[in-house]
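See the structures that follow.
Both complexes below contain chain A, partnered by chain B and then by chain C.
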Partner chain A sequence: MSATRSVTVPAGKARKHRPLDAPPLPSRMLTGFVLLVICLVVLLPFLGIVSTSIAPSSQVNGAGGFVLWPEGLDLSAYESIFAGGVVTRALLVSVGITVVGTLISLFVTAMLAYALSRPGSYGHGVVLSLVLVSLLFAPGLIPNYLVVKQFGLLDSYWALILPTALSAFNVIVMRSFFMAIPRELIESARIDGAGDFGVFLRIVLPLSKAVLAVIGLFYAVGYWNAFFNALLYINDTAKWPLQLVLRTYVINNAQLGGADLGTSSDALPPQASIQMAILVVSIVPILVLYPFLQRHFAKGVLTGAVKG
Partner chain B sequence: MTTNAPRGISRRGLIVGGLGIAATSLLAGCDTVTRSTDVKAINRAVTLPDYVPWTGGPEPVLPKTSALMPSAFRRIPSTLMSTKRVPGDGSALHGSVPTNSPVPPSKGSNPYWQGLDERMGVDLDLTITPNADWGNKFATQVAGDTLGDVFTVFGTFSYLPQFLEAKAADLTGILSGSGVRDYPYLANLPTASWRGTVFSGGIYGVPVPRGPLTTGVLHRRQDLFEELGVDPAFGSLDEFVALCREVSDPQRNRWALGSVPTNILASMFGVPNQWEEDDGRLLHMYEVEAYPDMLEASRKLLAEGLVHPDSVTAYNGKVWFVQGSALMLQDSYSAIPGLLQQAEPGSGFRMTMAPFVGPGGAKPKPWLGDPNNAITALAAGSEERIRMLLGVLDWCASPFGTEAWLYRKFGIEGRDFEYRDGAPVLTKTGNSETALGEFPLQYFTECPLPLFYAGAPQMTDVVYESLSSWLEDGITNPTYGLYSPTNSTKGPAIGTFATSAVNDVLLGRAPVSGWKSVVRDWRRRGGDAMRREFEQALEARAGG
Partner chain C sequence: MTKLDDRVRRTAGTTGGTASPPRAPGRRSTWERIRRDRVLLLMGLPGVALLLGFHYLPLLGNLIAFQEYLPFVPLGRSPWVGFENFAVIANGDPEFLGALRNTLVITLVQVVFVFPAPIVLAIMLNSLLSERIKQVVQSVLYLPHFLSWVIVVAVFQQILGGSGLVNNAIRAAGGDAIDFLGNPNGFIALLTGQVIWKDTGWATILFLAVLSQIDSSLYEAARMDGASRWRQLWHVTLPGMRGIIILLLILRLGDSLTVGFEQILLQQAAVGRSASEVLDTYVYNNGVLGGQWGVAAAVGLVKGVVGVLLVLGANKLAHVFGEAGVYQKES
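Moving on, here comes the complex of A and B:
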């Protein structure tokens, strides 16, 4: 005999079942609190940076140089930076270097990585050894400069791209990714009549969007942040990238307007405001790239990293 | 003490090795340079250029109480002296200079720069390098032979005399003695500055003078002291400490000092300016008895919380001073314009300088700052070319009261600056085009700095009063302008060792009683070798 029991569920109050192994409420609250604190720790400095860059001078000076929330909107720090068009021009230079450099770097890295991923390719072992050697032994400052000079690249945008166009580390990562592509796919393409370039362009690259996105981001961030090669190779300040121009505002904690010579000018925004505005200008453009590429990160890097 | 010593020095120290390699390879095949171990030959004396003060300009408004006293002016004169002579020959002039300011727009979009070309008569092309990166850039330029016609040289590089002998023009024949009179504005540069240009018995550069305004002094926020109702005067160490205690209030984000005021304390304790010379024999300041006493007094200031807590780890003294977190700041006189600029208009910001106090009530002998910021060397070439380049540098040294001076500092009237209440004030465009009035042409050379504060005429009197109270008694570093191979090659490393030892004492990590062993170590690491070489250099410079 079995008794039939009916369970009445109140209308409109469908009960959600909690898994047996779910942590108790206090534990979840604690986790949430800790996560909230971590988020604040990460976000507050950024909020402070943006706030300080747009806060009125009086508030910044009164607060000791750093504010968490602006009492008003004062864009004079940004006006100071962008006055004269130097930063605007440098921004364009940086964007150009980053886009062109990333495309070139991706192209040569993918080509080399693919060739090295195919066993039996011509000079495979020697070329791979050379790549690995360059990873271990980097040339020094002066040899690099002399090479760039001998190639006639001083004061050329190419000096900012070609010496760093190929990263051995990225080649290794990408090669590992390519090696994980099933050989059967490539063989079937060959049976269908595809040559080496056909296989590379029509089979391998379309399957490698994740690693291309990630390595592309690595290169883009590298080109965007680079200032030292421009410092060495570019004499014409009109060709300086953004990071080098901005560096002149912040190096040595230099006081803007710290004139030795008795000149005077309109009151400048507080130094802290200018420095924070510089941070915003330098990090925002590259920051907006991350959300678009984030989804490729785990697949692109981890897959390539563990199979090799 | 060097708790807030500029990091640039240590960075530069790091590059010394690289530059040494570059210089060694550069000079390896050059048989004509003086051997680095021949200290006497490197420090041979030479007849320095005559000093002929320029008298064609406006009369200073305050009397010169000392030969070192800068000319004092409250306003730009209504009539400026014309600088009609165009020194250049229309050729290209490539210079390599550092900068501490934001980089100016390039010449194509910078009418101010184009105006410089027109006035100097050259096609000026500058390689501008941020000061902090100067060492790296200079090393590569030396290796690549791309320094250009005119280049800045700092005195901290290894094998500097050999480098100058190999790559720079020897200007002795043109500038020595009365030769400099062909360049009246260069002849207006003080003799002390020319001493820094002499290597291996020759004049290898033109000074970039700074004069006594590089001396460190204790600036005071006079307005804040008055607001607190506290008299900022002090006549002894005890009174100074009491004053610091009275105004420090960490709860209100207020400290008496932005950093340990080394120059003020050195004067109180009678510590020599780096080295003390007595009849040709040298004693370093670390070795005198007063030094550990000064260290102990400094340590107490820090321990009592009278110095801004970030002064050692994250020094930002000028900002603290302007915003009122630090009521007193040790910095150079040349920092004053920058401090005035940073002050918020209408905030009542007013500053004065504390007088120096001597040991036990004796007359103070403050440390005089080095006379030069750097020197400028010219690439070796024909005499005609060298004379033309010196003419350009002469224009760059045209003093206060000339049209050229006003143009260099403020640019084009109506575009880069405008007159407000009779004082020239840079516009936003001018700030950018003239690099805040610090266009890096100032590293070619400069006139002796005047006491002039555009828009703040009262500061001329304040600074004049401060300078006149001690300038006659200021003590110089007796080794200035002398070359020691050990100092050149090992100096940065030895300096880092000493700075660390000083900081250990200041922060309470090491007892001041252990200072003697630090000095022993310092001597063993190269201090004694430097002393020996500097003594030989002194002898050679004296003609011995």
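Moving on, here comes the complex of A and C:
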């Protein structure tokens, strides 16, 4: 019976064993219910965070700090964190580090990957080994710190960019994409008189927009989320990125006064609301990028697993 | 490949294209080759400089593990002390042994509880009939992976902390608040719960990819032989996932000495060091904060060397099991 049915199914759908083999209804309902609960476990905290950040202060104080649904809209927590104090500054620092860092990382990674995509060029073997061996052995925290210190980068924004600017793994992934570009295209550009850099700029990069987007997103999320580098290298609180501010004022619960926030108003919103507003501000950029992240990263992980 | 490339290069070298006489690359002098590839070399330069400066130089900097580091003397000028810094490891310093034990216990607990979670979740997702619902659920479950540990820890505080959601509910019901976050005995459970919340959804990706590759005729054959759905799971689905499961498990074991550094560091103050110290935090606390640079570097170095041996050994083991090995992890 099922054999004759599967012959009539179009080729694309033939690989699916369902709905020929649909599980019984109770089991489907159970699976659906469990997945719904799991989704709620992931989503409810976010709902609570957003709600607390916009709920009126009377409600937040009455609930003891965390509410799941706001009984009104009160944006004073956002007004206070954007008033020009520590949080505003940290946000600017984080955005700056992420933008500058991602551009530098992409540029350096793409150029190295391109240089390595041409076997037979001078020094190809040595440089490729340098990249591959670096994947195997990480130097360790203490020597990393001492080298950054020796370079005089402590308390410099460059300490948050340069040590992590190049990911050898990303170089390898990008190189494998570049090597898959048809030789004929490069050859014809060369016949038209393009040099190595011209081929890179006008042929290779435009054909690699997808991989540049994926790896750019990798780098951007990495820079945005980086916390420990800043803890290690940045002592000057004025140069703190957002993740460090989050740790200090949200996780460690340090009190944020009007002076820290840069407001002169006496009546601050509840600390809980301010904390949740900081949390929202640090999550929103990830949410904005998320549709791209999800689509491309899934591909990137599989590519990495297959080709890496 | 090289031959083809050479042809491209030769074509490029002349304006006429086909007319140039073939020359083997070996015949060119080094200087000629450098000149020919100068643009490529310049393009690779920034990346190589970063690699040398921030990877290979620190690698060399591990030499301070054999020195008594003096902070105000230039790197490399401190007096040599041989293997003195390694005494904490050789003599079994209790603080070091505690960190080692915590690391291994956390690895073990996570292999038992964290590792199977995405396999179960992937099988459940795969059994969903509607593609659209499946995609929506996947979108939700992947999200926490992209949040930093700072955010995840902060989120957990809001739920489980002293004035968090759960404790507010308990107090409203007339009970006593429970200290979820500051209890040293519950710390490993807390860490495990956080890792499951953050990364289980994302970890299903590889398993889902493998599940979609299983040949549907195997299910049909099993059904015609009268296999129940559980027996199909046992005899078709799980054998189909065997390869990826063994591979990922071996690689996780190769990473045994590394457990959530940022995650633990962020929560160490609440539970105290003895319950939460792992090798990475030991290096940070004793080195950067405690000033015992040489000892910390020595522990870090040994951890790094053992880590490489474990990864290489795991890779060997993967080959023994007939798997491809050398899988690269993302971010």
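Assume the second predicted complex is superposed on the first by the 192 of 308 C-alpha atoms of A that agree within 3 Å, B and C clash if a C-alpha of one lies under 4 Å from a C-alpha of the other, contacts with A are read in each partner's own complex, and residues count from 1 in each chain.
Going forward, a contact is a pair of C-beta atoms (placed from the backbone, for glycine too) under 8 Å apart; a residue touches a chain by one contact, two chains touch by 3 or more.
Quick caveat, the model's predicted, so the values are computed rather than measured.
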Checklist entry - Thinking of the overlay built on chain A, is A:Pro270 touched by chain B (first), by chain C (second), by both, or by neither? => result first
Checklist entry - So, A:Ala165: does it touch chain B (first), chain C (second), both, or neither? => result second
Item to check | Partner chain in contact with A:Glu79 - chain B first, chain C second, else both or neither | outcome: first
Checklist entry - Between chain B (first) and chain C (second), which does A:Gly65 come into contact with in this model arrangement: first, second, both, or neither? => result both
Next on the checklist: Let me test your reading of the model: by the given contact rule, A:Tyr145 touches which partner, first (chain B), second (chain C), both or neither?
Outcome noted: both
Checklist entry - Given the touch rule stated above, what does A:Ala238 touch, chain B (first), chain C (second), both, or neither? => result first
Next on the checklist: Tell me the contact category for A:Gln294 with respect to chain B and chain C: first, second, both or neither.
Outcome noted: second
Next on the checklist: Is A:Ser134 touching anything from chain B or chain C once the two structures are fitted on A? First, second, both or neither.
Outcome noted: second
Checklist outcome for this item: Partner touching more residues of chain A, chain B vs chain C, is chain C
Next on the checklist: Quick check on my understanding: which residues of chain A belong to both its chain B contact set and its chain C contact set?
Outcome noted: 64-65, 140-142, 145-146, 228, 232, 247, 251-252, 272
Checklist outcome for this item: The residues of chain A that touch chain B in their complex are 57-58, 61-62, 64-65, 79-80, 83-86, 140-142, 145-146, 149, 154, 228, 231-232, 235-238, 240, 245, 247-249, 251-268, 270-272
Next on the checklist: Under the definition above, what is the set of chain C residues touching chain A in their complex?
Outcome noted: 1-2, 4-6, 8-9, 11-12, 15, 17, 25, 30, 33-34, 36-37, 39-41, 43-44, 46-48, 50-62, 64, 69, 74-75, 121, 124-125, 127-129, 137-144, 146-151, 153-155, 157-159, 163-165, 168, 171, 197, 201, 205-206, 209, 215-216, 219-220, 223-224, 229, 261-262, 265-266, 269, 280, 283-284, 287-288, 293, 296-297, 300-301, 303-304, 308, 311, 326-331
Checklist outcome for this item: Seen from chain B, its contact residues with chain A in the complex are 6-8, 18, 21-22, 99-106, 108-109, 125, 127-133, 136-137, 139-140, 143-144, 146, 210, 213, 253, 315-316, 318-320, 322-323, 325, 334-335, 337-345, 347, 373, 409-410, 423-434, 436-438, 442, 446, 449-456
Next on the checklist: So in the complex, the part of chain A that touches chain C is made up of which residues?
Outcome noted: 2-3, 6, 14-23, 27-28, 31-32, 34-35, 38-39, 41-43, 45-46, 48-49, 52, 63-66, 68, 107-109, 111-112, 114-116, 118-123, 127, 130-131, 134-148, 150-151, 162-163, 165-166, 168-169, 171-172, 183, 186-187, 190-191, 193, 195-197, 200, 218, 221-222, 224-228, 232, 243, 246-247, 250-252, 272, 275-276, 279, 282-283, 286, 290, 293-294, 297-298, 300-302, 304-305, 308
